[in-house]
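In the two complexes below, subunit A is the common chain; its partner is subunit B in one and subunit C in the other.
The block that comes next holds the complex of A and B.
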């Protein structure tokens, strides 16, 4: 299955550049992780602090949404345009999201009508 | 080219996990699986939300009384951290550091085991000490199905990653196992994505009542 793979020896400069680039990317991922941890803290803190539920619910849902976007686009590389079949993947993810939304709409409105 | 070709750090491709046709197919395959899993979780989430606090007349257990935040917080931290450790494993894969991949994947498994242990402890507390068994009410059934489906995904992920570590312990990185490690790490991130919604919707909003 490796027939289409073209392997090339890198020059020393290219190799060292790539290692540095990987290290910079990893540092960015740690920052993303720090943001996720911070958001988790805030979400738990606003619930413990006992604000009005009308304030808490939208805030924690928003924080969850940002965390999930960070996971998908930073950790899972959904935004990488050069990845293979990335258009197919994005189409499926958004279709999945639409079906998921339909479930919520349906179950939360008609079941206890 | 043979999949078991040996590489050096300098000849290792930039995107080794997608360098072969098999790697590309694995990448799109794991994502399509995840999309079908999104739909599965959406259905159990929607079921939980519509059956929350519902049950036979005179039911004495509600989400606000049952759920505690301490355990959920520790579980969240464990799973979030295990997500970062699998990113570290992928970082070492890019640098052709086989040992780094194995060690960080191993740490990921340990954190996942910690999470699973706490979840089993939580279920045990609810069923044995609170009398909140699976057949207690519509609320309890939908809760165990939702959180249990996620727990099952964690178990599958742990078995998967442990198997990868054992099988590739001495092989070193090549184009055969790089896509396997990458697919497992994508799956592990997805487990964390689902957990973000579970701790927000089940625990945090459950405590609010």
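The block that comes next holds the complex of A and C.
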């Protein structure tokens, strides 16, 4: 940080490549975000529309499952294999998963049944 | 240019503006420290009123309703608004120095975290003047709190929601700082123990605060917007609150006690003048305590009727925590063992801490035994247990570290003689207050009662307990006096005040300039400053780079405005159930202010500024005389 700042000139090709890559990334983020909002809207809509519980429950659970996957892979970058401190990041994600699973198990076993 | 170091004469307005906009971790550390101290004093005063009420049987010093409010606010304030910010103060002030960083990873978020915490805390305390404080205990169990009249519980929910967001932000900030901003050579297994415990307790914050946020949000919509998450007559379940609260609440205890362990792991080797015994086992014990801390929350709920299987599992898991904690205690003892011990004020706090904390741990294992817990539950035994852990573990750590780090934080020294007096008054008062409460509990005195009948054998013990509480109060007042006296003291202006510093923060000459290290240091092993000192390095550190321009962040007023936005929105939500016409506009206005600040921040690129080489040299000469920091 405190070095005499070393500036590396980017080549035109590198610049163009980064630009395109960033644009694709941004498009992905926006699309995924729209999907998340849409799913949430559908979940509310099926409840408000007063469908049969046998329809509502599986639909909401299915949407929730997709949202979890989207959250992890689109917004939390679980798919990326190369990043600084990727090992630490993965440790955190999996620890979080283990801890969350304990809560899930607890709700299923000792709260509701 | 902001600077913590030079006491140039600036006007009051400029200084105030500097503190309102600062993103410097040292200044924010001081602000956390003094805000925490303020709330510590308030909650301590509430404790004194509680003890005066319980001093004699059938007392009517406070009414039953006010007693409930005092007791709730004492617990809530001590845990969320006193212990947490005091420890955050030390984390902010010390951790970046220990790992050789210029600032935390997200200076803006650091400031945002502080202001959210502070305004949330302020909001909660306004309840005293606006129709009554929360009165359902710090756990605020839904079956009680849903039916509490007035706005007390609403203040609790909204205040904690805001200050909890601040704590979560600060926690994430420290995780990123410690993982990514260590100086070259500072591997994970060379990090000082305080940095390790800060990392682990920040990870606990990351995982534990979301359940609290969810629980508070459920409570908020239940009370203020007519939902029924916890109302069993409408298909809800009141036990869900208890689970969500304790999923957060138990790790919260470790969030507080782990940094306290870290502080003692810094203090003890310095004054035993010996390397910390079993460093790697200390690290793994810390991680293990953190992990197990998430698997034991239901031991607070043995008597809610979870069933024998669940009780057995949580009982065993709870007892398992005693193993890594025991490892830590033995490591501290073995660090002291055979050391060339120098007894100073921080060290005497450490020596007092070990037996007190072990006493609290032992009663903890007793309560982990589920069948016995049916007897102990909701009695004064529980009160005695957690005060032994919190006062004996966390408060002694905070007081000890205050003496220990005062030279680095403020370039002054706390008076040693007065320090000893404070220690003995406080320590004796602490044991007088809480030791006898074990027996009060065993004799059947329930906790959270506002008075009791005479001649049940409780009178004398309660009286002694109250005397002890007054001694603790005197101790805290004397500590504050000591802090005030230090303003007039001589500046330290040297590195390694205690003479036996081991980790990197002692390599810096105080006052520490705002950029911390003029050149990033190179870490050549565990206890880097000790290594350099022993190799005769006069500068205290080997540098990893030549002197060059330093990149620093700009200050910003936005965090304060964002927090004020949330503060305003909270009033709208608070009065919404009263059916006032302005509640929704106020919510929209408040959140609008916050969102506008966020938009402003994302559109205005702030890339910080560079402190040039010449400026650094000039500043160093001004601080340390000719030749700079040599």
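Annotations
Basically, the second predicted complex is superposed on the first by the 96 of 113 C-alpha atoms of A that agree within 3 Å, B and C clash if a C-alpha of one lies under 4 Å from a C-alpha of the other, contacts with A are read in each partner's own complex, and residues count from 1 in each chain.
By definition in this document, a residue touches a chain if its C-beta (ideal position, glycine included) is under 8 Å from a C-beta of that chain, and two chains touch if they have at least 3 such contacts.
None of the values given here were measured: they were computed from a predicted structure.
When the two complexes are overlaid on their common chain A, residue A:103 makes contact with subunit B and with subunit C alike. Within the superposed three-chain model, A:111 lies in touch with subunit B and with subunit C [touch as defined at top]. Judged by the touch definition given at the top, the superposed model places A:53 against subunit B, while subunit C stays out of reach. Using the contact criterion defined above for the overlaid structures, shared-chain residue A:29 touches subunit B, although it does not reach subunit C. Once the two complexes are laid over each other on the shared chain, residue contacts for A:15 go to subunit B alone; subunit C is not touched. If you count the residues of subunit A touched by subunit B and by subunit C, you find the higher number for B. Once the two complexes are overlaid on the shared chain, A:95 sits against subunit B and subunit C alike. By the touch criterion defined above, A:76 reaches subunit B but does not reach subunit C. By the document's definition of touching, both partners, subunit B and subunit C, reach A:85. The interface of subunit A with subunit B overlaps its interface with subunit C at residues 1-5, 84-85, 88, 92, 95-96, 99, 103, 106-107, 111-112. The part of subunit A that touches subunit C in the complex is made up of residues 1-5, 84-85, 88, 92, 95-96, 99, 102-103, 106-107, 109-112. On the subunit B side of its complex with subunit A, the touching residues are 1-3, 5, 7-11, 13-14, 18-22, 24, 27-28, 31-32, 34-36, 38-39, 41-43, 45-47, 49-50, 69, 73, 76-77, 80, 83-84, 87-88, 91, 94-95, 175, 186, 189-190, 192-193, 196-197, 199-201, 204-205, 207-209. Residues 102, 175, 179-180, 203, 206-207, 211, 237, 239-240, 243, 247, 291, 294-295, 298, 306-307, 310, 517-520, 545-551, 610 of subunit C touch subunit A in their complex. Of all the residues in subunit A, the ones that touch subunit B in their complex are 1-5, 7-10, 12, 15, 18-19, 22, 25-26, 29-30, 33, 36-37, 40, 43-44, 47-48, 53, 56-57, 60-61, 63-64, 67-68, 71-72, 75-76, 83-85, 88-89, 92-93, 95-97, 99-101, 103-104, 106-108, 111-112.
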